[in-house]
Structures are given as C-alpha cells and as structure tokens.
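The structure that follows is given in the form of structure tokens.
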C-alpha cells in the first residue's frame, strides 16, 4: 500500500470484555485509531468467541463460535483487528486448526450451517501499530512522548503461544511491545515475568490462584524498577489491576522467591518492603496518551489502581 | 504353521519387478521366516528399480500378466543413492499414461519393501494377488499383441516410403 | 489420592480412552519421553496433584480414570507454555482440553467443581445471550457455588467504575447461536463428531 | 543352439518337501537349448559341485543354471565351480526355488508349477547372458585424510606406519581438533593435551605424512584407487619454510585483544597467532580480518621484527593437485549453540534460556577451557561475567539433543559422561561448591563408564535431578533455573551462579558441501552416511572413501580412535593390491546409436558418464557421445532405462536378457 494514498482501515472485533470490564481498552482503541487516522468498523452482531472455557471443555463449540464470528467479519471490509489477546488467540487458532484439519472443518461447517471463512487476516492491535502503521510513522505521530515512564511490557500467555499460531513475534523472546514503547518515547524495562501466566480465568473460580501468580508478576515488575505494567489483554488487566489490593493484603511484603511461599517475608530480612502501586495500562491507552489524546477520553477513571498520580508525576497529564 | 489352501477358479499371473538389494532380499527374508503367500507371483530381479523400463511392464501385460508389481528400496535408502527416486518419477508419469490408455491401475502396484520387511512383502503380494483375482483376467493387451505384431515385411506403400526416407 | 497398586493388563489399561484423547487433541501421547519440561514451566503445577508430565504418563499407562478422578486437568490455565516448550511436539495443552471434554461428557467424577461450574455458567451465558455478561456470570457463580460473599467488596466498586454492566441486551441474531449449539448436539447424537 | 545345463537341488528336504524336483528337472530338460538337466540332494556340497563341473565338461555346456536357494546365498559358490570347469562365471545363474518358492508355499502342485516357471525364466537369462571379464583398475598407494582431529591423526598415523604415504589436510592453522581443547578425559581423568600433543608431534615428524594445515579440499575427481584431489592452501601470510616458530611476531603484535577461538572466545590472542602453544605446525597465521596491516595498510610490526623474514603480506591462496587412491573423511563435529537461528532454519535456538544472551550460561566446551590448566583462567573455575568463583553450578543435559522440536532428535552420546566429568572437576576445584545436574536419562554404556557416573553421584556429591529445565532468567547476579524433579513430582528452582549446557553434537559447518565434492551421502543433519549401519560402518557407499570419527555421528574418543584405525585398515586392505578387481556389472555405450543427448549423464548418481568426442581421421568433430567410466559406474542401470535411443546397456541386465525372460512368462 502506498502511504498517504489509501487510508488504513480495519474491521474490528472487540469481544465481550471490551464491552464490560475492559471498556477502557475499547474506548482507548477507538480513540487511538481515530488519532492515527486509521479506520475501525465494528463487526455487527458479533458473538462471544468462547474464550478459554469453551475450548477447555468443548473444542468443537469453541471452533464453531470463532468460525461464526469470522464469517460475520467477512461482511465488513478490511483485515480483522482484535484487541483482546484471548479473542485474538482463539480466532487465530481456529483459522490454523480448520485450515489443517479437514474433518474438523467439515464438522464446524455443519455447526455454523455455512462455509468456514478462513482467509481474512486476523491482526492484533500491536501488530497493526508496529508493522502495518509502522514504528517509524508511529514515532513521527507522537505528540507527547512518554518521557521517563518506565514500563514493564507484559505479554502474558496467549499473544505469542503456541509458536505456530499467533505469528506475532518470537514465542520466547518477543520484542514487539518494547518496540512500540520505544516509539512512544517510554522506557521499556527488562524484567523476568513478562510472559508468565497471571492466573487467567481462575479469577472467577479459584481467585487464590490468581493472587499467587499475579503477585509474582507485580513483584518482578517492582524489582525491575518499573513504574507501571503495559498489557494487551483485558483478563490480565483485570487480574493485575482489580485484584492488586487483595494481593497486597494476601502477600504483604514481597517474597524473595517470587513464588509466594508463606515464609517469603521472613526470608526478606529487615529492608522495607516495596509495596508501590503498579498501575496497569492497556497498550492503546499509553499510545493514545502519547498521540495527545485527552486523558479524559481514555477511561482512566474506570481503573481500580489509580494511574493518575504516576502520570501527573511524569508530567503526562 | 499349516495354511489351508483353497482352490480358486482363476489363478492370476502376477509379475514382480524388484531390486536386488531391498525387495529381493525382503522376499528372501519372507522365505527364511517361512511366511506364506499365494504362489502366483514370478519375480524378476534387477539391480535397482532405476533399471526398470516401463516397456517391461507393457510387455509383461502383453505376455499374459494380470497384475504387475514394481518394488524397490524405500526412498532415501537406495543402494545406488538415487535410482529409486528416478524410478518413482518415471512411474508416476507412466501410471498416468496407463490410466489414459484405459488400464485399470489396480493391476499395477508400486511399493517400497526393504530387506528387513519380509512381512510387508507377503502383505503386498497377497493383497495384489487377491485384488487382481477379483478383477479377473486381463485379456486386452494379449489381444493387442496379436493385432499389432509386425511381420517385418514392408508391405504397404506408406511403410515403404517411410522406410526409404530413413535411408 | 492414595498410592494404590497399579495392576497393568490389557483389561486394566484403557487404551480406547487414550485413543480418544489422541483423536480429540490431535497429539500423540506415546511421543512423550518424560523429560518433565512441561511440569518445570507450568504456572499451575503447584496446584495439581499430578503435575503435567505425570498426566501424560498416566495416559501412556492407560490410566485415564486416575486422571479424571483428580483435579489436575481443571487447574490447567491453557497458557500453552508446555506445548510451546515440549521438545517432542506433544501438544499437552490440547491433551488437557481433550481430557476436560471427556470428563465433562462423563459428567466428571472430579473433585474440582468450582472450575467446572464456572465453565458451565460461561457456556450457558453464551447460549442464552450470545455474549458474556460478567456481572451475571459472577453472581450466578456465587449463588451456585454457595460462596455468597465471595468478592463481595469488589462488585459495587466495579459497577461504580462502569466495569460491570447492570443491564444488557441480547444480540439480534441470537437465534443463530442456539442453532450452532443444536447442530453440534445433533452431530454428537448421530456419532458424527466427538 | 545353446547348450545349457540345469541342476535342481533338493536342499535336503527344504526344497523337495514342497517342490517335485524330479519333475522340475524333467521339464527343464525339455526346454529347447537345454542340453542337460538333473536333480541332486545337495548341490552346494562338494559332490554336488563336482557333479556340475563334470557335466560342464561331458556335455560341453555353455551355460549353467542351478535351481536352489537364493543367489544371495550361493551364487559365488556356483560361479566359482563354473569357472573351475572352464566356463565364464557370469554364465552361471541361480533360480531361487527355495526362499521364493518351497519355503513360502504349501501346495505341492502350485509350488512345483512355480518352480518350473522360475527355471524357465532363468534359462532364458542364461541363454542371453554374455561372458564378462572382471574390471581391473590400478591403485595409487597414497591416502588422503581430511581433518586433523584425533580421528584424522589416528588414521594418518596408522596408514603411514603401514608404509604408505598420507596427505593430511586440516582447515585450521593447527591440527589437534577438539580433543586438544579438552581438559581431562573420561573415564580415567587423564589430561587430554598430555596424550594428544605427542601424537600431533608424531604426525609432524612422520616421513610418510605430508601435512597441509590452513588448507581445504577444493575439488575431488576420479574414483577408487585413482582420485585427483585439488587442495586449496589458504594464504597464511607467513612463509612456512622460513618461519622458525620463535613467536616474537606474536609478542610484538599491537593488536592483542581478539577473542581466541581455541578458548571459546574467553581468552585473547593477537592478530598474528598460533591457536595454542602446542600447535602443530608452530607456524603462525595472520588473521587478515583483524590485522591492522590488512585493514588499513599501516603497521607491519610483525614483518619488521621477524628475523628470517617469514612474514609475507602479499601471499596468495595456492592450489595443488594430489593423486591418492583412498580418502578418509574425519571432519569431526561442532557444538550446537542456543542462539536465535535465522528465519527458516530447520534448527531452532532456546529462547526460554535467553538465546545465549546471559553471559554465565556457557556450553560444555567452554567449561573444558575454564577447567583446563592451559585455559584462560589457568584452570580455575571462574565465571565469565565477573570472574567470581561460582558456588552453585547447574548442569543441564540434552540441550539441543533429543529435542525434535528444536530440530535435532538424536542423542549426542557423549554428554552424560562429560557432564559427570564436569561435576567431578568442579568438585575437585571448588570444594565448597555444589553441582546440580538436570538430566532425563543417564546413558553410560562403555567400559568403566557407569561406575564413573556413579562416582560423580556417590563420592563427588553431584545432585542429579531427573527432569528438564523450562526456563532460565537473570535475577541480579544469579541465574534463576526453573526445573522439575519428575520423581518427586515437584517444581525445582535453583539460583545458580553458573549454568553449563551439554549442547548437541552437530556435524562441522560445510560438511554437506564437502560431501557433495566427494560424492558421498549424508543424512538430514549432515552426518555422513556409512554404507551399512552394521557391516560396513566405516565405508561410504562411494568406493574408496572411508569415514572416521564424529563426522559420521556423535562419538567419544575411544570410539573415534577405533573407527579411525578401522578406516586405516580398510585403506591398507585396498593398498595391499596393485590392481583392483570389481564386478563387471557396468553400463556400456553403443557409440553408433548414441545421439549425445546426455540424459544418462543427468540421472547418473555416480558421475560415471562423461562426454566423449568422436572425430574423423582429419580430426573434425563428428559427434559427442556418452562414455561410461567403468571404474566409477555403480551398475544401477538407471541410465539404460532413461536412454531414449536405447544405446546404453548394463552388462548382466541387458534389454535382450530381460525381454527374453518376460517372453518366457
């Protein structure tokens, strides 16, 4: 595509979370795309992708729901932009499986009562920013560089795994989030837990799991000296943001093994425990902020761990 | 082990073109292991499947074979490095040609049988024999032989002209 | 689970079950050589009575019932770390999916009811509304699991932040979702799908 | 009219039990052209062979068919008997009525009918057979050994000691290979250099060995007994005939901070260097890419200080052609690295271990250098990042190996043993340190090997953990190792100061290119393929080329030395004769009909087909035809089936013979 001649434009699958607990992800995505002059048109009447629970117990249902959504997306022009990492993973996995497995494809076609549309490219927002819009152009478009903001980029599980499906980046050593952060003028920190699991959907059934795993992630970010964490998944956001207070209550001082054992605090000797709040941002919130979008329209008020003090401190508000 | 021998109305004639290093040795192994298979197959030994000219297969059909088997080393295991690869390509084209001419491809089987696969040799031969048995005899090529056999006499003007032009 | 003596014989090894797992997951079970890399990287390993490598080992021994009786499979977070790092291309995440499906079908004798309940409610929500409504999901979960006070403090906070919607509308094309569920059920009834 | 004799064997009862041999003999006798037929209890026995010889003489037979067992069993026996009776051995054939008939069929009538058919076919083959003479080729009694590691050194010394001349070609500036880098060797823990360097000196001093270091194989022509090998002598920039090896150039070279390959990049060397102090030859080379003189034209210090004037900046690569009769390939191995691999590479790196970016994660060979008295740390175990002595060392086995997802599914064979050795060396040097080993299986077959491993566990207190490591990352100055113990069923986390990876053994870079020059086959990993896994483990399918050492597959030192000596023995066997005799089943061209399309040349896997010019008496080119070099032809016959004008023919399997057999169906 010749730059400047044709406007980038995408069809858009927000997913359930972005209409509810992750609404600020949706709001900021729309604001960002508008600021970048990139078209974004929501697929009408989309359904839930089934997320983890569906493929957990009923792969055929999961594949069928995603296939249905993919064929709904056919009605809107442009590659399919997906913000939620879980939806992205499910849609890509469905395309991958159904292209490889004829038997499953036939079953799915019976289930959705129509042909499976598998050829529409599914792109994650990060991919669109870094590759299609382009890092150079992104850097050019920055109006308010995120100077001095130390960000721990958090990939989570689904953005890059398993290696043959998302095709987003190296599955063990990705750099796409860091690249985007640098383009925005922020400073990505090197840290150990950027791809560890946050506990995902156990937040409903077994919140204890989430507390333990998310605690390790927050700890690691603090140790690395990060001011905040950047995510690309509403579930990760929920676990790290909404449950942050609970985590502190449950684990108190950081433990030195990062793997929440009850002796953790004893091992930590006398030094004052680091209990800083770690605000959690969506990639689109940070990007839109850098593009000069007014902070009021980025949904910061919906966030539990208040990011405003940090942003004010860095003179970004 | 005693195998009950059943008499059939039709005993097909099966000709097997095999390479000496893998399939011939595999058939030997079937023998030393005393495996049993239908006695309809006649084995012709070649150094390599690469040596097998498609003309041999046509001729075998003409001479009364009801089924033909070509078998050599597994791809990559050729004693002569690449002979079986050439054979594979050659026979892929040849099969298409036979199909075009109207020969039922079920009569012609290609397989890889290594020197260690006595059992596979037995399976392949048994399967082909039984398959061809249900298909019945194949008279077409035999008849063709009689029709097309050239006496050697230049007895038509066209033939004479053609012959002269060669000089 | 007690360390019961394992009698191995053609009768006690349920290879048919293993074949089903392999068919559903599209991954070989026998390929695993028990290096333990999956368990080493599994974020949920500490919650499981059988770490992931042992789940595969039990499958190799045809001991599906021992797996289903435990809660390990319900503690898998589907993070795909095991699949990504397996040196033998064993798709353990898919095997876990398959095991959960089989347990689900058998109305699992598993001890882990909360995760199953959450999954069931989630899928019921999709069938009824086409999309996920988190407030309803959370409320229903608390009701059915008997933990009426769970996350009590979070709810109002989330509602005030706009993160949980009190009201929602159904998709216009909701009938199509019901169709998908129905047709899958029919296929299964006829034995056309697993 | 031919006069063929048919001899039907009972093989005790092996054949006669299901085949009516008398009937077969009788039927054979009725075939036109068969002058004699009989049956006998044991044709291969002495009286049986005498019977055959007598019949040839009495009935003036011009061809013989023995209907008995498989030709793979007794063809040689009967051909010898036929030859003794004055018949060309290639006019004696066997009809296989045992393995292919009596042993596999129960029905006596049908088996007998089949046996008759087999005999009928084979009689036609004998009838159309031709007398063939074995092919002889002269042998150049000089061997080429490629690679100067322990395999090449051993092979060269053995062949040279037997009195034959040897050319030893080594790519690096010194011979010695990987064995020279090792600290101590398992299971005896003797110093590697102490046992290696004397052998290197022997090579240098041996009157029968010509040593070319810093040289590579450019081109290989010819065939068994008669290879012409072009060797490229890379410009050393130092005249070997003048250099005395005093080393003053190296001490005066201003550029001294180049990572030394011999120390795995952990020691430093100057731009003009010998890889290590005991190098053979002790003649330096200039590393042109790092030399100031070559890069900017300014410096020239080494030339100024060199007394004999050996430094020569103008030196060019030179080429020589070596005539040899046999080639031993001993190019050895390299170690797999966990770095990120280029896109599309069949081999993958280890992102979960940081793709080689964590400085204190090293490989086994680096640990050898750290433990070696001649190494960069003088034999002290000090970690690369900060030079501290590590107190917790984690060893991880099977990195790259047995990991088909990373592209390598084989076992590298030596890692279990050298890791056990490493834990011992570490324990000897750091008494208060603790070694942990993550492993899947301890594979220790070999004399004294398992005892050695047990010693590491029981006496040297290495903690062996059965399980693999999923991820490693840096935390402060420690490396967090996340593994599992599958026996206990728990995750294991160790904060290590140093991690040593037992990385996979891979063939050397360029192994495939060399194989293509030599015309030998290699597997998907580029390991060279032996002719037969069991019975020809050192021969290549290409005659006259032999394999030694890890270029054929991962091997430890004793196995490598054994194979090198075996390859040398094969060379000596070849050199024991002045001329080579080989089976005359080779292709021949009918030059009259050949139109020179060279389709045959394209399909020939041996490169046996050449273009030959046919000229008239005035010397004008009439046409080009194919010519088969009988020394090189493998005898597969692919050329014949390919030839559109049917003007190339494989002796022993001519169209005439085969068509006659088909006619007899």
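By written order: A, B, C and D. Residues from 1 in each chain.
Rule of thumb we're sticking to: contacts are C-beta pairs under 8 Å (C-beta built on N, C-alpha and C of every residue); 3 or more make two chains touch, one makes a residue touch a chain.
The model shown is predicted, which means the values in this text are computed figures rather than measured ones.
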Identify the chain pair joined by the greatest number of C-beta pairs in contact. A-C
Using mean C-alpha positions as chain centres, tell me how far chain C is from chain D in Å, no decimals. 51
Please report how many Å separate the Cα centroid of chain A from that of chain B, as a whole number. 62
Chain A and chain C, separation of their C-alpha mean positions in angstrom: 23
Identify all positions of chain C at which a residue touches two or more other chains, and write them in rising order. 46, 81
At least two partner chains per residue is the criterion; list those residues in chain B. none
Could you list which residues of chain A touch at least two other chains? 171-172, 259
Among all the chains shown, which pairs meet the touch rule set out at the top? A-C, A-D, B-D, C-D
Per the contact definition, I'd like the list of chain D residues that touch chain B in the complex. 70-72, 96, 98-101, 103-107, 110-111, 113-114, 117-118, 121, 521, 541, 585, 603, 605-606, 634-638, 640-642, 650, 652-653, 655, 658-659, 661-663, 665
Please name which positions on chain C make contact with chain D in the complex. 33-42, 45-46, 50-51, 53-54, 81, 85-89
Which of the residues in chain A come into contact with chain D in the complex? 170-173, 192, 223, 257, 259
Chain C contacts chain A in the complex at 24, 26, 43-44, 46-47, 75-81, 83-84, 91, 93-94, 97-98, 100-101, 104, 114-119, 122-123, 125-126, 130-135, 137-138, 141, 145, 150-151, 154, 157-158, 161-165, 171-173, 176-177, 179-181, 183-184, 187, 192-194
Which part of chain D faces chain A closely enough to touch in the complex? 340, 350-352, 354-355, 473-475, 480, 493
